[in-house]
């Protein structure tokens, strides 16, 4: 029964500062969907967890897509006619549109202008823009600066290469007692943006480290991949494996101080959807759950109709819902160690719930068993209310007919999963309950295949 | 794919004035459930659409009913003892209770009184009353006049005949690409009452004229029938045909300026119910939907348990819900050309939706197809929101697993059917989607019977 | 068709005063889960209804439990050092913890204190406490008195016996036209407590008396049992019989002036659940329904997963929800004859509904039958609303396709069951409707097994 105990003590993460340090180390690197930036980032994460690094050659067909050429950049700037570097990649890697072609030219402001991107509503922030699948180039800059550009001859220089190479992603598989697995996926392709998604990468890495240190029922798979093309490439290369994915979460935007946001899987009522909603509901803090929609991060691919995996997305403030999103203001100041810790905590609670969520059989299904003679019920009768522990035991007994999991019971009883799971454990210890032994759920019973007496 | 295009351009009806003229021409005629009034009315409608006229002889058994004798009336009045015609059918055909037996007698006020009907709460309006299935006679008059009648000897005269003849109804069948049909039914038996139901007759006639001018997938059947006995007679004579009715609407009260009211079919969630609700929801205007109840117009018969057809009722202010209902105040002043036009518009939108509402198959169900390389996705990445058209395409792709129609998708996406249908059309044109070829839905595929790859 | 008529005239109970007299007679008796108190109480109830008395010997195993030894008590007191009886069982049988072992000892206050129970929040009330399954003893007293006890030597005396004997319960079975039965169960084990549960016992007895005087479709079983162990013993001894239980109610707390509270069965939407909710909803008075939970009275056992019977609980203010609950303040002053009468009334209405709740077949399912020619429809047409009786008939006709019971129809029509049942009776009398003859529902048809024509 070791797996029914919490995986980590009180599920209180205390590595917020460590996660912050990891993020600070990753922050300056210019990542993109391919190239040395993501390669270097995965190497750093590999210092925390034993990540397998995969390289998929440019040109490899992956479903309807083709792995693009690899992009690398060394230098980029705009000089005015006096030779002042008015925009310089060395100051912020957001200054260059990701996947910009190499260019070296002198242009008038009018010629340059279509290649410049800014945010009029946030004139002090540099936007993040990409042109992955279109051969062009561009610079991003503060709107305040853009407005002050005078008619001049500008020299633009981007020392980038777009050439055959490979797409890089990191993968960690933690085998469990069963081949059924839970997938955690985070995009690792954004440049100097902290909440989106260095926070997701850091939380995933530390979650993996914790899970790697304890036994667990499910197998766990962590993917650190470039957005869209990365999940498409992984799914294409692992098509035979996806049927083992029983639960999954895309992790993103986990470091800001906003309330948690859970985006349900396409199925809408998968076990992962119910588990996350339950944990958030009993967290005592504000949260929101939103329906699946086919826009967002890699849940788009996991939940495409040909896969329809039970994969939701776990975030704090969701993508596009905070002003700093995809701007230079999504920096180290936007994220907090406490927020990262609390995100990790919630994920551990979700994992704990799923690990322990099984169906049990009441071994005395006809009337209540006499809890009192086993010391499980208060001695004195006549009190107006049942105690919380007694009530949790009564709920578990009443609904453990083999058709209800502990989460089903917690939902109907409107009691936390933790209380219901503790009651089940007590009842198992007193041989009043046993795990239902179907679906390879590792029952501790010697009679495989037996059915509840009242079925 | 011609049928997936809108049937009428922008579904903007502009024949309100024509409908008003038709109503004005029909208004003076004394219609009843049989007789020359309805016969003459159907002839006038025949000037607009090629109506087939059916005559069902008196005495014909139709289910539990019998076609009644034919009623015709030429003259009717009440004279006081000075010979003044104080009530005269020539002033308003509502003055005579419909189906009144012939009478010529002199009566005291006390003897006359039980034959007089008025509306105390609306003393200036003449009520509309009928005695179809009971042999009696009566007059309707303004309550103000009734109260002033003094004790006198009155001469009453009704020159009517109730004799073997026939029940008359009009029918128009517009064959489509499939034998599946949509039924529009309106009652054509009310005398000088405009909203109920000259408005329904006019809108039905002009809807039929528009549908007759374009190709369409479904067949369309229009019935202009006397209420209750007409739909019973039609169902009795067409019992073998009703299984082709896939959608249907009873049309009534479509000329007043009130909000639309949709009364669901007995089934409650038939495609017609969902289609009308969707169109009204996305109309941007107030509306209400109400549950089926077995009281109202001919939906009572179409939705009787032995038929249980998917037939709802489309109205503006529903019967019994406006004070002028079934009174002389339901006159030409109560209805508006703009209201008639808007009613016709909504019906065209409903027809368009149903014509285009099919299930499709995403031909790249595993992960998203790369829309960008087909020019279907914006070139620049990193923006916080998906464009509306891109999001509609993503929804169609995500849910086109063969189990969702476009209406299912529009409902889940909370996007207008028009946007979803346009996205589907674009995706079909790029061979990313094809119509599911089951149920004789005329798929444009050469492989009949194939299933979605992910089924 | 006699059984379709109301079982009792207008379901107006007028025996509130009789019930009060019965409760007053039972009030002084010291009942417990075994012993002469409950035996004597059942004898008194036997004056009203012919109760069968069952004795189950101590030591009998009943599922996970064992019938306990029989407890009887004759005398109990606490004397101070001056020999004053400061607590005396003769003043209130609540003074002794039920099932207290015999004791005779002199104790200091410190030694006595752990054996004393009071209610600090209600200092003038004596609490009710039990120690059925633990060998100990105790006294209950007013908190005000407890606080004034001075340091003294006290003599405690309990002249009780706990010895092999038997558990006693009363049962009445009223055979009906079918072996399907409805169970009414009330706990009869509480000492001088009026609302909980002399009220339930009295209402059950008078309900049984009324049902015994009229013919009925269902069989009715009444149980007057000690709580928990009584229902467990009955279920253990009648396991083969429970499959006949089609509906059931646990009766408790039916004499106070609070609103009715219905606690649903574990199934949540059993016919009994819907029936009670409907009756309460149409009662015009405040009420509440609550979900099943595995805490409360004997519904815990009837709804254990091995039985899962359709048994709800009918109360006024529920156990634990009024301050006088399980205290000496639950006395004759807490209950009212009118409240008892109204409780009985509601139960008779529930019984009437269940007796009459069957599915019927519209014999003219295609279109409406012509009600007018049968005198069932008003003669004059054109009025804006259907009359209530006509509308009820139309609903019954529309939904009597063999798949809807009268309760289904009443719920959908949002009309009282009584109105729907009356309409069904009228339609049966006119041969427009007949009872569906499946499931041994005693159809009055000569063609067993026929199906609705439109199936």
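We just call them A, B and C in the order they show up, numbering each chain from 1.
Just so we're on the same page, a contact is a pair of C-beta atoms (placed from the backbone, for glycine too) under 8 Å apart; a residue touches a chain by one contact, two chains touch by 3 or more.
Here the structure is a predicted model, which means the values were calculated and not measured.
Arrangement of the chains shown, judged by which pairs touch: all-to-all, with no pair of chains left without contact.
Note: Cα superposition of chain A onto chain B, rotation of 120 degrees, nearest 5. We define each chain's centre as the mean of its Cα atoms; on that basis chain B and chain C are separated by 53 Å. Shared interface positions of chain C, i.e. residues touching 2 or more other chains, are not present.
Contact residues of chain A toward chain B in the complex are 62-65, 97-98, 117, 127-134, 136, 228, 231-232, 235-236, 239, 266, 293-295, 300-301, 303-308, 319-320, 325-326.
Residues of chain B that touch chain A in their complex: 362, 364-370, 372-373, 379-386, 391, 394-395, 397-401, 413, 452-454.
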